[in-house]
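Quick heads-up: structures coming right below.
What follows is chain A paired twice: with chain B in the first complex and chain C in the second.
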Partner chain A sequence: MNFICNFPFFSILLSLFSGTVCSVLPAKAAKAVNRVVIIAVGLMSAVLLLYLLSTGESFIYWMGHFPAPWGNEIRAGVLEAGMALFFCIIMYLSMAGGAHKLPGEVVESKHNLYYILVNLLLSSLLALVYTNDMFTAYVFVEINTISACGLIMIRQVGRTIEAAVRYMIMSLLGSGLLLFGLCIMYDLTGHLLMSNIKESVAQLIAAGEYQIPLIVSVALMCIGLCIKSALFPFHAWLPDAYGYSTVSSAAILSSLVSKGYIFLLIKIIYRVIGFDIFNSTRIIDVLFVFGLMGMIFGSLSAIKENDIRRMIAFSSVAQIGYIYMGFGMGTQAGMVASVFHILSHAATKSLLFIAAIGLTDVSGGSRKFIDLTGAAYRNKWAGVAFTAGSLSMVGIPLFSGFISKLLFAQAAVQVEGKMLASLIVLGISTVLNAIYFMKTVIRIYTTAGESPYSGVTFRDMKAYAVTLLFFILLNVALGVSSQPVVNMIEQGLAMFA
Partner chain B sequence: MYFILLSIFFPILAGLFLLIRFRTPLSGEKAGTDRKPLLVLTGIFLVITAVFAFAAPLTAREGFTLFYLTETLPIYFRIDSVGQLFSLLAVIVLLCAGFFSFSYMKHEERESRYYGFYLILFGVLNALCFAGNLITFYLFFELLTLSSMPLVLHNGSREAIMAGLKYLFYSLCGAYGALFGIYFLYQSCDTLTFTAGGVLKETAVTQHGGFLLLTAFVMLLGFGVKAGMFPMHAWLPTAHPVAPAPASAVLSAVIVKAGVLAVVRITGYIFGTGFLRGTWVQTVWMCLTLITVFMGSMLAYREPVLKKRLAYSTVSQLSYILFGLAVMNEASLVGSLFQVLAHGFVKAALFLCAGAIIYKTGKTRVEEMRGIGKEMPLTMWCWTIASLGLVGIPPTGGFVSKWYLALGSLKSGLPVLDVLGPIILLVSALLTAGYLLPLTIHGFFPGGDYDYSGLQKKEPRKLMTVPILILTSLPVVIGLFPDTIAGIILMAVKGR
Partner chain C sequence: MGPNLFTNYGEAVSAVLFCIGFTNLLLQTNLIKKIIGLNIMDSAIYLFLAEKGYIAGRVAPIVVNGVTSTEAYINPIPSGLVLTGIVVSVSVTALMLSLTIRLYTRYHTLNLDEISMQLKKEGK
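For the complex of A and B:
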């Protein structure tokens, strides 16, 4: 076994233990450790990705060299390594983009706690990506929830505590349902390892036994993860959680945490239940309908919003809807589109959150649109970045959003019954997106008389501006050369089966 | 190949350079007294771009792929005669209006933003004309909307912003309609490269021809938004008049033609006229254009604000072009493309005249303009000649285009519509005379009770009058040599 095969294991443990180490370090050192760990994990994932692309097949890693029923398994394929790499990039950029705000948002004494939480979050995300064992997945889902809650609550203002409590309740409901589903599945199949469950499920289906409990179990797991990833109508916790937490937390929560759960759901669909069996159930139709509703109602709520952060948060509801619509199509192409949209949305949404903070900073900290008038002139970099993010969200060609829309539409055209509905809702959602994003862009580029707030220049915010630049480049790169990424996703999904 | 790229990317980069170099002042202060460097630079950039755009068709005829958006979607450029025709119009109008703005924009704020986006727009328009496949075209069609929007909301008033948003949403809805079509075409065509006669697969036509017709209709409606076709025309009379006058000229004369070019491309080069001729799509489309022609003229006739009146007139005149495209025979296509040129020059000239009047007198409503011909005789003479061109009096280009349009319609052999078409075109021409010429009549002959004592010489500077003169003379020139122009257009139509 090649040494590189240890990398997934190293990544998880490195980020887990660095969290523990952070607790005894001063804030500055904790920050450095956090950055180094993210970079290290990113590099390892990149090397792993290259290795997997060269070998062309996935591998299974036994923790401590104990075989399956006793030991724990990790599995790495192209998609897992790619996701891990992408998560690291986004996480690094989000942390870098929000770093200058942290002293104002979090009390000095809690800074190292903040980095502990971020490291824990990273480790749980990596575990969700790599694990091949349902129970491990459940454990890390819980770790993820706890660290996410901490990240929301660490900025101690009234709204965040309320938001964190809400998030906690909804999330625990979600993980509870996931656990129920898991228990029933264990009861039916007698396994916790993904590959073993899949074999048993196939046998059960072939024999025609326990059909209803099986469906119930799958449905429970789906609903659990839907709640956790804020699919409409389970999105009530989202706007406050994203809207009032620290800016890095908001970027990370919206672009990574919900995506981790969605990725787990993809794994469950492919590796636990089996893609064809999952598609033969009615569950995909339910996901499809709620995805479409999310696309419309998320945008409608965003239009009504008068607070830029909450508006961006509501837009996430719509984007999550897109992803579930792709699941609901029940085809390989739909799944590819969804996975691409995970990447595209992560890159765009974190960009928007980071850019929005630049705009609100030069507007006296207010997030109301009326105060944001002309903000793009006061902070040019943030203005350009916000515009780029908005264009991507609306789906203008050359940005990543266009490619994901194109992929969704191409997938939709192949599905007889769902074609018209998806295309029409895609159209409505595009226009709704345009309404609130372009409205904001025009607002920030409108000069109306003397402004009471002063602007900032490049010298005042070098790190921030460079971060924004990288975010824009990431978006454009995904939009201009999407084919290699799509090929990788296809290869990765093929390895899942 | 390099000239195509230069004609697209040079102005875009130059525009970005202007946007960055000449900082927009933070608040409502005037852009400073020293406008010279900005104007000189803009002038140089405009001329260089025009040279590139002229040179591009002379150098390269074969297409090339810039890069691949996805494996099967190349960004591909190729120049053909139709593209060249539209590019010619765009270059001339943008140059004239650009130089006109140097003088006009003196009384507006935030000039650098205006010129920056003006140049970007230039590049995007070149790209549209030279786009070689549907996806490239769509890409720049979207960018056109985005880069022209700042011109609409230039003055930053609430009215302008609402107009800009209206423009944006109509355009995005339309573009999505077009995209919707592209999704399907993707399945039913081997390639989306523009090919004379269409690229539909035989099997696709026989299997789901009905659905393809629906797709074609949705795409026509979608791209038709940009060309102000009923029922999605409402943005045009709102958005065009609020822009500064030279920008309105560009919007009305050139940018809406992008919608026309789109319709030419999808009917002639993607679906193929053979597929659409004689179907319900053709009938419905013709009815829509005729409704637009009549309605636009009627609304213009009743409109008291000069620039709004011109915008309604654009709605009506554009549907002449679309009508010709809908008839889909040789004569009507020649008429349409002729009308593209004639209307482009005339409408630009009219808007610039209106701009000159606003700049010098501040008058915007038609009834205030009594005696204007005594104050600005040159401008009003240009207005009159241009008006005659729009009405279609020989020897102007407007006559030739309408002649061909009527001819094509009568030859088409479609029931009812073949005769109804020319009748509506005639009625609308009368209305056109009715809404344009009163300005001339009252301008030169204000009536017996008019007080001549308050009159002053108000003729604008050469920088304004020369572009107007050029744009006024061009429709007359093409009207004097209709055979040559029609010959060139015929070659374009035959898909050389």
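For the complex of A and C:
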């Protein structure tokens, strides 16, 4: 076995252990360890991705020399390696973009705790991406929830603690359902490894046995992961959790944590149940309808919002709706569009959160739109970045958001019966997106006489400006050279089967 | 359906308990009652696993009398899963309790709705 095949295992363990190490280090050293680990994991994922692209097939890695039905396994394909690499890039940029705000948001003595949580979050995300075992996935889902909760409440104000409690309650409901679904699945098939479960499920379906428990189990797992990733009716915890936590936390939570759960759901759909069997159930129709409702109601709530951070948070609800709409279409094209939207939304939403903090900082810390008038002149970099992110969210060509909307529309045309609904809602949602994002862009570029707040120059915020530049470049790169990425996603999904 | 339900009464009970715990966690406004609901929900799943893992007439897979035939023992994996699950639920319970203490020292109530009201009044 090639040495590179060890890399998924190394990345998970490295980030897990660096978390433990951070607990005894002073804040500065912990920060350095955190950065180095994210870069190291990113590099390893990049090498792994290149290796997998060159060999063209996925591999399975035994965790401790026991063969298939007994041992625990890691599995890596193009999609997994690509996701890991992408998660590392976003996480690094989010941490870099929020670093200058951290001293004001978190008590000095708790800084190294913050880095522990980030490392733990990274390791659980990587484990969710790579694991081939359902129960391991459940355990890491819980670790992910706990570290995400820590990231919300590390800024100790009443709002964040309340948000953390609400987040925990919804997440625990979700993981309870996931665990119950998983136990029923284990009971039906007798396996915990994804590949073995898939074989047994195919046999059960062919024999026509235990149809109802099977559907119940799949439905429970789906609903559990939907609740955890804040699909429309379960999104009540989201605006507070994203709106009041620290900047880096908000960017990481919105772009990575919910995506980790969605990626697990994709793995369950492809590797546990089987794409065709999943599509023959009615569950995809439910996901489709809730996705469409999320697209509209998320945007409507965002329009009503008078707080820029909460507005961006509500926009996430709409974007999660897009992803589930792609699942609901039940075609390969819809799935590709959803996976691309995961990337595009992660790149854009973290950019928006990081840019918004630059704007609120030059408006006396206020998030109200009235105070943000003309903020883009006071902080030019943040203004440009926010505009780029908004254009991407609305779906203007050159930016990544355009490609995902295009892919969704192309996928919708191929689906009979769901075409009209998808296209109409896609249109309405784009208009609604444009209303609240363009409203904000116009607001920050309006000059309203003398402003009471002073501006900042490039020299005051070099690191921040460079981070924003990288975010914009990432967005444009996804938007301009989308075809290689789409090819990679298609190849990765083909490897799942 | 009828006879199956009666034979698998343990699983049926665990499903009912799961629903009780789930609704408590979702609908109670008192934080401590929510956490109790969480524990009922998790325990229901462990009951389900234990019920599924047990085979009547067999014993726990610990070799004492030199009997090594697999026919004599139950499947140890569900018990292992229960143990892992208990560890997870203990840690989330601890986290929820610590959050509850934080909220209680700040707002002097365990009612989540009242806390939200107070937060709205603070207006931040």
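Keep in mind that, in the parts below, the second predicted complex is superposed on the first by the 495 of 497 C-alpha atoms of A that agree within 3 Å, B and C clash if a C-alpha of one lies under 4 Å from a C-alpha of the other, contacts with A are read in each partner's own complex, and residues count from 1 in each chain.
In this text, contacts are C-beta pairs under 8 Å (C-beta built on N, C-alpha and C of every residue); 3 or more make two chains touch, one makes a residue touch a chain.
Fair warning: this is a prediction, and the values are worked out from it, not measured in the lab.
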item: Three-chain arrangement built on chain A, chain B and chain C clash or fit; value: fit
item: Which of chain B and chain C A:Leu391 touches, first, second, both or neither; value: first
item: Touched partner set for A:Ile403, first chain B, second chain C, both or neither; value: first
item: Touched partner set for A:Arg378, first chain B, second chain C, both or neither; value: first
item: Which of chain B and chain C A:Thr145 touches, first, second, both or neither; value: second
item: Which superposed partner A:Gly427 touches (first chain B, second chain C, both, neither); value: first
item: Chain B versus chain C as contact partner of A:Ile435, first or second or both or neither; value: first
item: Chain C versus chain B - closest C-alpha approach in the superposed model, Å; value: 28
item: Contact set on chain A toward chain B in their complex; value: 374, 377-378, 391, 394, 396-398, 403, 406, 409-410, 412-413, 423, 427, 430-431, 434-435, 438-439, 442, 446-451, 455, 480-483, 486
item: Chain A-facing residues of chain B, complex; value: 24, 26-28, 67-71, 73, 110, 135, 138-139, 142-143, 146, 153, 156, 161, 164-165, 168-169, 172-173, 176-177, 179-180, 183-184, 186-187
item: Contact footprint of chain A on chain C as seen in their complex; value: 18, 21-22, 25-26, 31, 34, 38, 41-42, 45, 48-49, 52, 77-78, 81, 84-85, 88, 91-92, 95-96, 99-100, 102-103, 106-107, 112, 115-116, 118-119, 122, 124
item: Residues on chain A engaged by chain C in the complex (per definition of touch); value: 135, 138-139, 142, 145-146, 149, 153, 156-159, 161-162, 164-166, 168-169, 172-173, 176-177, 179-180, 183, 186-187, 192
